[in-house]
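In what comes next, chain A is part of two complexes: it sits with chain B in the first one and with chain C in the second one.
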Partner chain A sequence: MSRLIGPAELDLLAAGARLLATGASESSSALVRDWAASVIGAGVELVAAGELDPGTWCAAVTLVGSTTALSEQLPRGDEPARAVRALEGRLGRRAGAVVALNLAAENALMPLVAAAALDVPVVDGDGTGRVFPLVEQSTYTLGGVSAVPLAIAGASGELAVLETAPDRVEELLRPVVLAMGGWGVAACYPMEAGELARVLVPGTVSRLLEAGEKGAPREVAAPFGVRTLCRGRILAVEGSSGHGGELAMPSLPSSIVVQELEGLRRLVRLEAHNEIVLALADGAVVARAPDQICMIACGDGLVVDVDKAEPGLEVEVMTVTAAPVWHTEAGLALGGLRAFGIRL
Partner chain B sequence: MTVAELVEGGPLAGARMYGAGRDPVRQVRIVDELAVFGTVAPHTAVVLIGAAAAGGWAVEMAVRRAWEQAAACVIAPSGGLDEGSGEALAERLGVTLVFVDEDPLVTAVHVASAASRPEAARTQLVARCATRLAGDRPSVRRVLGVLNAELPGTSVAFLDPYGDHLAGRRATGRGRDGWTVEVDVADADGATLGKLVAGGSSRSPGWPAVVRTVLELALAPLAAWAATERLRAWQDFTVQEALAERLLTLPPEPAHHGPVSRQAAPHQVASRQVPPHEVARQEAAREEVAREVAAREVAAREVAAREEVAREEVAVREPGIREGVSHDPASHDPGSHDLASHEAASHGAASREAGLPRGAGLPGRRGGTSSPTPREEPSGAEEGAYEQVTDEVRAAAAALGWAVRGPLTAYLVRPAGGRPDAVRARALIAAALGPVPVVRRGEGWAGWSGVSPDELAVRLRRCVESTPWPCAAGAGAPVGGLGAAEESLLGAEAAAFVAGPGTVARADRMGPAELLGAIPADALRAPASVVLRPLLAVDRDGTLLRTLAAVLDEGGALKAAERLGVHRNTVTTRIERIRAAGFDLEDAATRLALQLACRVLLP
Partner chain C sequence: MIVGVALARPAPVVVAVRDGALLRSATARAVTGTARAVCVAADLDTVPLAPVAAIRVGGPCPPALGPAAGLGGGAAESTEAVGQGDVAEAAVRPPAAVIVRGGHSLTGRPLAPLDLDAVRRFAAGCGLRDFAVTATGSPVLADHELAVAAAVAAEVPGARITLSYEFGRPGLRERERSAIRNAALGPGAGRLADRLAHDFPGAPLYFARSDGGLVSAHYFRRYPAACDGGHAVSLAAGRTALAGAPGEAEVSDDVVAAYGATLGRPQARVERIVQARGRAELDRALADVGDEALTRAVSAGAAPGSARITETTVNPLSYLPDGLYRVRVTAEGGPP
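The block that comes next holds the complex of A and B.
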């Protein structure tokens, strides 16, 4: 049962994708939305993975690098198509559909741009059910699909195809992204539709379309449930340690102390490493990765990035439950606390 | 051992503690991962190392787990957690959190040794207190400082025998579980100096006993301190007394001021020509000069003690000097001042030959004390040396903040019961009256002040109200200068005699009624009856006694007859009968005695 994502649906998807996403900047979100709007024409077909012929060859499309860099170095417009084409050339197969790696803000729209350029449908679902900082942190990986070969296209016409051991993707990718100016569009996780149906978190695009409707509750965007940990005021933002020095994460660990404003008035500590991975209330664990923990500003209802948190800000701390596969042993190893260097 | 004891006086000394630290520490557990907490027993000091101390989040989780396990405290290496947040959580959960700078493993060993043998740790504490208390120059401040610093979670105060706070930390509110320890402090002769009172809220058993032991260690230094202080105070007052007596016997300064009297010149300018609003400013300058001169001259003396006293006195009593002169309107009255100067000059001239040697000899008479005896020179013989001595005495007095010229008013404070402690009485008088000499005079203490009689009376009232035993005080009439001080002193003495306990009488406000009111009628009643017995024997109805009183009071038979409402001849007849009883009314002494006796016997 396919449906069309036209200009109206695009706006809904863009709005829904920002509800629980961190790291989204206003200008880059608008940019990618306009980019997608300019290329989708009447619309892009949205299909469930099961509706495709199981032998259809698919690729995941995602933005890598910094969204700030994206809004400073504008895209040429052909990056998603070039990346997918490069992967096609490498593997000698033609892509029959594209799928999102995750659906956080800009990343929800990037497959639309690719699909419009390649004239293929977009698969309803994604590879995380939430967002993780690393390319290999996906349900695809958990399902045994390799992220490589991976093709990445940059705004100045650069193109690179990476073939590595699966656990070295991030290591090679990061310097390439830097060299490209801070961002690129990657095509990765090449697989057939039958396999994709097995490993993806299904239906998430439809959900965001629903959640993007005006007045829709935020919970709709969270397929596996969301709960509010507390409402509070940020008391302090501190540097943190003890996350394991060997860990190669894009940003430094920090710690946000929130004083609950009501109820027990607990002292909530949010331990962040690229994203909030652990929440303590009066020293007791109340939430942890792989569930997603985010702060929503009480003022404007937008997600507060870890690096934008400042004392005095009133926030609502929410936990978005991750897909069940993340709570398996393999899932915890890939996206749980240990993956962020915290040994509990 | 409680956590507070460990931190404030034990192996954790110097560590930063957040929380009350009241829990006793029975054992120590080194924790390197949070899973270990499941087996932590209550009253355990948990020392975090490795992953368990890896970051703020780890320490917070440890604090939480410690709370769940009822551990005594969490000891973490500093730097892991922002201490502000740690404090907030420790306070919230009521768990004591201690940050140490040294290797946590070393800390753990020390804490374990202290916890397993609390007696050893306490013995160490007592030994350290003993060493510190035995340090040089005991003073009440030092002793109390040591006690309060060394006894964790304990306030120690020193109270005088009247219960007033003298030094140390006042015991804070004593809670339900609070305790106090009191130890009496006696001087070398066994008389009570006061008591040491310690209090706290530590629930550690045996701690009050340790506190008592340490307080008892402080008794000897306190007794030594008291003895030193008394000696010093006694010497101070001896010195001051000698100085005061010398001042009283000095010849007055010349009416016209030459270069000789160095400190006098600015003062004269201030009091004669400068309008009052200028005076305060000049006063400051004058004090500066006076202090300098005094310090230089005093330093030249060979007795170091004197120097110390003078400087201290100046430092303490400066405000008094300013007040004494600038607030006194009389000091701006050139007429009275001149008169006083002349008077004093003539008085001084008369006493110059005889008076000065006597004055110079005064301190010597008190021989045996270490009071600074002015150089023994035949000062009367050489004018220069004589002037020098005069200057020195005045400078010393100025350094003490005493009024040495200008209008002044004498006072006398007289004990009216109890057994006053002379040193304390003098200290109280000096404290209440400001910079004044305090000299023993009869049963009481006397001196003079430069402040106005009104102000002096106010201060005297404050003084008699502050003495722990009943006292009465008198102020003399204001006089022009030191030369007439004796006159004012006599007035003050009389006034003090008239004043009742706790009150102040003023000679300049005192009339015959006040004097008569002061007659101790009870004491005189028996002697009066004896004196008048011959008369009373013949005076059946009291007529003769009333007539005698009327005649003596009215000064003659005529007026007495009017007062009594009888004929003059009746009065004359009665006088004859009185004479017949053996009373010679022509004799002035007899007349006075009889009048006094009548006043005592008649209602």
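The block that comes next holds the complex of A and C.
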């Protein structure tokens, strides 16, 4: 059954989408929320993929690039619609719905801006069930849907349509995004609703609406379960302010050491590359990608970003279990440790 | 002896402090001539706000993201969107606001040539003297904010101009809000500093910052927004210092805040985004930001020989070209 995402639901979704999101800045989250609030009017329709006519043509909409750049160089306002229109033009089809690539902070709301501008519904679900740093790291890819052609619109009116081999999307996209000033809105993974129903992680938007309610347990935001690895204090952060590393990912590798405050008082080492991809407790692997590992500040309950981690901070280290498809062989190849350059 | 003052109703609360120990409550008259420094804890929420003309340098944006609302007092009168159609027309806004072409991307690339004609027209026509200027990309390159300030100063004699890059915060909207708030507080903060200088003649005057530390009266007049929550912060600092002391419970909040203000040191913080290829360039950029922080600490009242850097944070920015870092440096001086 479809429902409406109006102003009240928007606030819930914005709150829910920050519970487990890494890399979200307060500034850019507030910006996209205000932007969405000003365009959704009475509301945007939220539908399950299966409720759409299977032939309905859909596109995924996502922010690409740096949230710091977004909050500095503000959007013109037409980026999401311009990207989807360009994809429509390239393929000669009309979008009947949009869907999120992932639901981390801004990315949960960007499809709403597109949907409002295009007057189409948003599909309840997303392409990761968690967040990955690269556009091609999605359950859509795992289901055999290509991210390309991909259209990206920038804040100075730029527009580019990319076609390439599916595994080279990020390589081609990155310089384009940089030339656009550091961020853009992409429309990608063009597919029909019948196919989307097969490859998406369903119901995740609804879940975040629920998780955004005051007092709702954090677990609600994690459809496949979440567990606490340890509570501890950060002892050391190594390499986060280092320079000149070899960049395969859009950030520098770093390593965070947490001393457990209770129980066995283990030393937990977190290896990060854009996000934490491996956790070792006294040398033994206790969690690894594709599951998501995050630090939650004991003080304010907010996710601590890798590049904001500081010695002395008390954190809860949590693991969010990834959707089952990420634990298949193909899923591990695309989103497992090896994808982050760690051969273990 | 150092004197602490908490701005309170009906009258300011004054305390005398020696070597960090709270001596007694006092009056302004009683401490005249004997105080080495006067440290003021004030929340600025009752300071009357002046109407502000906000100038944003950047591209057009959705009205909901236009120059910040609800600050500077007075009803919205006019918003021009010079050269950009009606983009900013419906924006919630200070009494007068404009978006002019210009600004830089985070990589330092100019987004558009700065439209100084639009700046001059707006400045001449807005009828206001308190300006807040915010340019896209100013944490990386403040050139356009400085050029706008020069144009406004030439057009409006006696204009008081706040530049957002001085506040260094990430996010154009947050920086703009800080700049508008600072500009709006300016005249009222100036009168407050005048009054206190009159009440406590002969001793240097300091104000407690919202993020810890002190600034000189001179600095406070230019950057009052840095002291917006000085009372609350001083109260917390005073409570911590007095915890467990005999008679602690009987001391009023204003006495504790006045005491807390005297515990700070002159302090300044500079935040920038720098671009550096390799270690040598980063070190040079860090040295530049450090020099600026030291200079500002001195302007905030630190004795030149006493100013030193107490904290440097360097964070690489993800999803941007190699070599972009957010740098934050704090410098502080010896006790007043």
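Basically, the second predicted complex is superposed on the first by the 336 of 344 C-alpha atoms of A that agree within 3 Å, B and C clash if a C-alpha of one lies under 4 Å from a C-alpha of the other, contacts with A are read in each partner's own complex, and residues count from 1 in each chain.
Operating definition for what follows: a residue touches a chain if its C-beta (ideal position, glycine included) is under 8 Å from a C-beta of that chain, and two chains touch if they have at least 3 such contacts.
Remember, predicted model here, so these are calculated numbers, not experimental data.
In the superposition on chain A, contact is made by A:L344 with chain B only, not with chain C. Once the two complexes are overlaid on the shared chain, A:S28 sits against chain C while remaining clear of chain B.
After overlaying the two complexes on the shared chain, residue contacts for A:P75 are found with chain C alone; chain B is out of touch.
Looking at the shared chain after the overlay, A:V257 reaches chain B, while chain C stays out of its contact range.
Residue contacts after overlaying the shared chain place A:V285 against chain B, while chain C stays out of touching range. Ranked by how many residues of chain A each touches, chain B and chain C are led by C.
Contact with neither chain B nor chain C is seen for A:A42 once the two complexes are overlaid on the shared chain. Of the two partner chains, chain C is the only one that A:S156 touches; chain B does not reach it.
Comparing the two interfaces of chain A, the one with chain B and the one with chain C have residues 240-241, 243 in common.
Across the complex, chain C is touched by residues 23, 25-28, 30-31, 34-35, 37-39, 65-69, 71-77, 155-156, 177-178, 181-183, 240-241, 243-244, 247, 250-252, 274, 307-308 of chain A. Contact residues of chain A toward chain B in the complex are 235-236, 238, 240-243, 253, 255, 257, 267, 269, 271, 278, 280, 282-285, 342-344.
Within the complex formed with chain A, the chain C residues making contact are 58-65, 103, 105-107, 109, 111, 136-137, 139, 170-174, 273, 276, 278-279, 282, 313-323, 325-326. Of all residues in chain B, those touching chain A in their complex are 33-34, 51, 54-58, 60-65, 67, 80, 82, 84-85, 88-89, 92-93.
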